[in-house]
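Each in C-alpha cells, the structures are laid out below.
Across the two complexes that follow, subunit A remains constant while its partner is subunit B and subsequently subunit C.
Right, the complex of A and B next:
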C-alpha cells in the first residue's frame, strides 16, 4: 500500500456523489446539533444569571421587611441550581425531564423538592438532536449506507474480479477504501464538535476522550459493516441485515428491557410521599404541642430543654413539625429514590447489549446531564436545606434576640 | 379495458407479490418482526396505562376521602391542608400515551400558590426510552415504515432488474396497473401490521372512548401507512436498481422519522425560549407583596377594602362588622393573587403552545410529525389537553380556597378568630364543623369533547392529506417514466 493508493482511493470515494452527499448530511447534522446545543446551554446560563439577580433582590426585600427569625425563615426563598457543564451542549441528557433549579425555604423539604420546573413536555417527548444522538444513532446508519455495498456494488457492476486481481496488495483496495470512508465520516462529525467544544470551554482532555470514544464507536460499526459486506448477497439484503441489527440493538432491546424493568422494580408512588408528609405536618396542629416537641428532640437532643412554649403558636414549634413531616416521609422518599436508582442500574446492564445506549450513558455521564447528576443535585439541595435548619434552629430555639447581622452567617447555596 | 379485467389484473399482480414474499425469508422475517412489535406494543401499553389509571383513580378517591374526614378546624387551616388532584389518562392513551410520562401526574392544590404538577413518570424511568417507547404509536409511526421499506424496496426495481418489466409491458399490462397491483400488495402488508392497533382501538371503545376520535385515529394511521406505501412504491418505480431504491428509501426514512422531528424540537426551543415557572415566580411574589399579604389583615394594602366595608355596614371598627374581616381579607387577597398567578401561568402556557406550534409546522415536511400531532390530539394526550388539565385544576383550586375563605368570613366571628391563640379554649372555638369539608366536587377530569378533539386534529390531518397527494403525484409521474 502506498501514498498513491491512498490518494487514488480517497479521490475515488469522495467523487462518488452518493458518498459526498452522505458525508455532507453528517457534517450538517453535527453542525446543527452543536449549534442548537450551544444556544440552549447559553440560555440556561442566562436563566441562572437572571434568577441570581432576582433572588438577591427578593432576599434583600424580605430581609428588610421582617425582623423575626421565624418570619424570615418562612418568607425567604433560596435559589439552588445546577449549571450546565461545559460538555452539556453535546449531550443534553435528561435536563429537560429532571429539574435543575429550585427555590427552597425552611418548610418541609419533601413538599418542595419534587416540584419540577421543566420545559415544554411535548418537546421533551420528541427528544432533540444533540451531538450524542448524531454519533450514537445517526452515524451507524450513515455507515451502513456508505459501507454495505462496498463490494456488492462493484460485483453488480461486474468490476469485482477485475479490481481484486489488479489490486497491488490485499490491503490496498477494500480495507483502504473502507478506512478512507470511515475516517472522513468521523472527521465530518467531530469537526463541528471540536469547534463547539472549544467555544464552550471544554478541557482538552475531555475533547480528546469524546472524539476518541466516537472513533471507537464508529470503528466498531464499521467492522460489522465491513464483515457483513463480505457475504455475497445483494446490497439491499446486506443492508437489511445491518439495519435489522441496528434496529434490534438501538430500539428494540432498550424498549423491551424498559418494559421488563418497569415490571420488575416497584417503589412507592410519588403521591404517597406528599400525602404522608402533609398528614404528618397537618396533624401537628391537632395534637398537643408537647407531643410534637418530644418527637422533635429525639432527632435534636441539643434543644431538649428549650421546647417549652408560651403561646399556642410559636415558630420553633412550627418548624419542629415541618422537620417531623420530613422525617415521616423519609422512608418513602428514600424508597422512591432507591427504586429510581435500581432501575437506572439495571438499565446499565442492558446498555451492554445496546451500544448506542452505552455511548449515550457514557457521554451524558461525562457531561453531568444524566439522571445520576440530577440526583446529585437533588442531594445537594437536601444538604443545603439541612444547613438552613442548622442555621435557623439556634435562632428559633435559643432566647437570644434576633438582629440582622446574624444573617451574614446564613448559608448560601453553592452549585 | 374494462374495469373488471383491470381489477383482476391488479389482484393477480398483488397475489404474485405476496407469493414472492412467502418464498423470501427476508420478507417473512420482516413481517413477523412487525407483527410481534405491533401486538406486543398494544398489549404492554394497554396493561401499563390501565394500571396507571387505576392507581391514580384510587389515589384520587383516597385524597378526597382524607380531606372530607378532617376534624373540626379553622377554615384557613384547610386551605393550607390543601387537596390533591390526579390526572387520569384518557382511553385512547392506551394506544398513544403522548406526553403523559413527561408531565407530572399529581398536583397539590392550596391557597396562595399554583403548584406545578409533580412526579413525572419519566423521572422514575430506566432512561432506556431516550429514543422511543414500545407504544403502538411509536411502532406505527417510526418502526413500521422502516419494515415496509425492507419489505417493498424492490417491488418495482426487482421487475426491472430481472427484465420482467418489459415482458409485462409487452403483455399489455400498463405501468399504472402494475403500480396499482404492487400498491395493493404493500397495502395488504400495511393493513396486517395495523391490525393490532385497530383491535386496540376497538377495545378503547369498550372503555368509554367516543366513536369519532377513535375512527379518525384509525383513519389517520391508515392514511399514514398509505403514504409510506406510496413513498416505497414511488422510489422503487423511479430507482434504476434495487440498491439505489433501498439506499434512497433508507435516506428518506432517516430524514423523515429520525432527523426532522428532532430538528423541529430543537428549532422550537431555540427560536422561542420559555421562562420557567421559577423565574416568573419572582414577579408573582413581588406583585403579591404589592397587593398585600392575606395572612395579615392589618397590611396597609387592605386599607381601602376596610374603609369600604366599614362604610358599607355603617360601622366604625372591624369588630362591629357582621362578617369576619380577616376572612374577607383572605378572600380578597386570594382573588388578587390568583389574577396575578393566572396571568403568568397563561403566559407560560401560551409560550409552550407557540413552541409546539413551531414544531408542528414541520408536519408539512414530514408525515411523521403530522401523524404524531394528529394521533396525540385525537387521543387527548397532547400539550393542549395537559394545559386543559392545569386550567381545570386551577379553577378547582380557586373555588375550593374561596369557599373556605367565605366560611372563614361568615362562619367565624372576628373576635373568635383574632383570639384563637389566646387559650386552648379559644382555639377550639375558632373552628368550624367538619361537616363543611364536603365542598369537593367529585373530580373527574374530562378531556375535550370528541368533536373538539377531532377539530383540533384537522390541521395535522390536512398535512397528511397533502403528503398523500404529493406521493400520488410522484407515483403518477413515475408511472409515466416506466
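Right, the complex of A and C next:
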C-alpha cells in the first residue's frame, strides 16, 4: 500500500456522488449539533448571569426591607447552579432532565430539590441531536450506508472480478477503500467538533480524547460493516442485517433495559419526598412547640438552652420544624438516591451491550452532564443549605441583636 | 522451445456437490493464443476464474509463468490482465479517468501520451475520451478495457467472450490486435463461443464439453477440426442448461 494508492482511492471515493452526499450529510449534522449545542450552552451561561444579577438585586431589596433575621432568611432567595462544562456543548446529557439551577430559601431543602421527579434519565438520552448523538447513533448509520455495499455494488455492476484481478495486492483495494471512506467520514464529523471545542474553550487533552474515542467507536462499526460486506449477499440483504444490528444495539436493547431496570429497582419518587417533608412541616403547626424543639435539639444540642418560645410564633421554632421536615424526608431522600445510583449502575452493565449507550455515558461523564454530575450538584445544594442554616441559626437562637453587617459573612453559593 | 506460460494439470473444480471441471489439462507457451470453445455451462468461465484465482481447484493445479496461482496470488496479479465478457468500468468516470484509476490500482504509471496512444491503437474515437463511460456503447467500453490491458503490459491476457456483442468491424480490429499482442510476446487465453473468430486468431483451440477437454487442435489443424465434435460440444452444453 503506497501513498499513490491512498491518493487514488481518496480521489475515487470523493468523486462518487453518493459518497460525497453521505459525507456532506454527516458534516452538516455534526455542524448543526455543534452549533445548537454551543447556542444551548451560551444560553445556559446567559441564564446564570441574568439570574445572578436578579439575585443580587433581589437580595439587596430584601436586606433593605427587613431588619429581622427570621424574615430575612424567609424572604431571601439564594441562587444555586451548575454551570455547563466547556464540553457540555457536545454532550448535553441529562441537564434538561435533572435541574441545574435552583433558587433556594432557608425552608426545608428536600422539597425544594425534589420539586420535579426523574426516572432513570441516563437511558432517556437517545433522540437529542447533540454531537454525542451524531457520533453514537447517526455515524454508524452513515457507515452502514457507505460500507454495506462495498463489494456488493461492484458485484451487482459486474465489476468485482475485474477489480480483484486488477488490484496489485489484496490490500490495495477493499481495505484501503474502506479506510479512506471511514477516515473521511470521521474527519467530516470531528472537524465541526474541533471548531466548536476551540470556540467553547475545551482543553486540548479533552479534544484529543473525544476525537480518539469517536475514532475507536467508528472503527468498531467499520470493522463490523467491512466484515458483513464480505458476504456474497445482495446489498439490500447486507444493509438489512447491519441496520437490524444497529437498531437492536442502539434502540431496542436500551429501551428494553430501561423498562427492565424500572421494573427491577423500586424506590420512592421525588413526589414522595416532597409530600413527606411538607406533611412533616405542616403537621408541626398542630403539635406542641416543645415537642418540635425537643426533637430539634437532638441534632443541634448546642441550642438546647435556647429553645424556649415565649410567643405564639418565633422564627427559631419555624426554622426548627423546617429542619425536622428535612429529617423526616431524609430516609426517603437517601433511598431515592440509592435507587437512582443502582439504576445508573445497572444501566452501566447494559451499556456493554449497546456501544451507542456506552459512548454516550463516557462522553457525558467527561462533559459532567450525566446523572452523577447532577447528583454532585444536588449534594452541593444541600451542603450550601447547611451553610445557610449554620449562618442563620446563631442569629435566630442567640439573644444578639441583628445587624445588617453580619450579612457580609452570609455564605454565597460557589459551583 | 518456448517456456510454458499457462498450465492446467488435472484440474478439477467442484461447486457445492457438482463437479464443474474434470481432470482438465492443457498448456500454452509464450506468445501463443489459446482459445477454449464450448457451449453454455461447459465450464469455460470456471476455467478462466480458476486461473484468475477467483475459484479454488478441488484437485490439480493451475500455474501462470511457473507460479502457482493459489499459492502466490499477488505475484500472479502482476502478470495478468483480464478482459471480462461484459466490461463494466465506472460509468461516472471518463475513459481516461477509468484507465488512470485501474492503472494505478494495478501499480502501473503511464503518461497522458501513453494513454492517448493506447486509445488510438484500439480505435476509440478521440471525441469520447473525456466523456463519462455511462454513455458508451458496449464496443466502446470494450475498447477502453483493451486499451487498459495494453497499457498494463501484462505478459498474460485472459479474455472472456471478448468479441461478444461487437460489430464485425470491431471484431476484425480486435482480432488484429490480439495477433499483434501475441507477436509481441504476450500469451493470450480466451474463452469464446465464436468458432470462426477462434480459428482466425488462436494458435491452439481446446473444446470443452461438460467440464472435460474433448479435443485439442493446433493452428495447422484448424481446417481439420472435427465439425461433429464441435457440434456435439455446443449442443450437449446447451442441453445441459
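Going forward, the second predicted complex is superposed on the first by the 402 of 415 C-alpha atoms of A that agree within 3 Å, B and C clash if a C-alpha of one lies under 4 Å from a C-alpha of the other, contacts with A are read in each partner's own complex, and residues count from 1 in each chain.
Here is the rule we use: contacts are C-beta pairs under 8 Å (C-beta built on N, C-alpha and C of every residue); 3 or more make two chains touch, one makes a residue touch a chain.
Computed from a predicted structure; not experimentally measured.
Novice: Using the superposition on chain A described above, determine whether A:17 touches subunit B (first), subunit C (second), both, or neither.
Specialist: Second partner only.
Novice: In the overlay, answer first, second, both or neither for which of subunit B and subunit C A:8 touches.
Specialist: Second partner only, subunit C.
Novice: Can A:406 be said to touch subunit B (first), subunit C (second), both, or neither?
Specialist: neither
Novice: Once the structures are superposed on A, label A:128 by its partner contacts, choosing first (subunit B), second (subunit C), both or neither.
Specialist: Only subunit B; A:128 stays clear of subunit C.
Novice: Would you check which partner chain A:159 touches, where first means subunit B only, second means subunit C only, and both and neither mean what they say?
Specialist: A:159 sits against subunit C, while subunit B stays out of touch.
Novice: Once the shared chain is lined up, is A:36 touching subunit B (first), subunit C (second), both, or neither of them?
Specialist: first
Novice: More residues of subunit A are touched by which partner: subunit B or subunit C?
Specialist: In the superposed model, B touches more residues of subunit A.
Novice: Now for A:240: first (subunit B), second (subunit C), both, or neither, which partner does it touch?
Specialist: First partner only, subunit B.
Novice: Would you tell me the residues on subunit A in contact with subunit B in one complex that are also in contact with subunit C in the other?
Specialist: On subunit A, no residue contacts both subunit B in one structure and subunit C in the other.
Novice: Which residues of subunit A touch subunit B once you look at their complex with the stated criterion?
Specialist: 18, 29, 32-33, 36, 39-40, 43, 47, 50-51, 54-55, 57-58, 61, 65, 77, 94, 97-98, 101-103, 111, 114-129, 133, 137-138, 141, 144-145, 149, 152-153, 156, 234-237, 239-240, 243-244, 247, 250-252, 254-259, 261-262, 267, 269-272, 274-275, 278-279, 282, 285-286, 311-313, 336, 339-340, 343-344, 346-347, 350-351, 354, 356-357, 360-361, 370-371
Novice: Where on subunit A is subunit C touching in the complex?
Specialist: Answer in residue numbers: 4-5, 8, 12, 15-17, 157-159, 161-170, 172-173.
Novice: Considering the complex alone, what residue numbers of subunit B touch subunit A?
Specialist: Residues 26, 29-30, 33, 37, 40, 44, 48, 55, 59, 62-63, 66, 71, 73, 77, 80-82, 84, 86, 98-99, 101-106, 108, 115-116, 118-120, 122-134, 143, 146, 150, 153-154, 241-243, 245-247, 250-251, 254, 258-259, 261-270, 273-279, 281-282, 285-286, 289, 352, 355-356, 359, 372, 376, 382-383, 386, 420-424, 427.
Novice: List the residues on subunit C that touch subunit A in their complex, please.
Specialist: 49, 52-54, 73-74, 77-78, 80-82, 84, 86-90, 92-93, 101-102, 104-107, 109, 152
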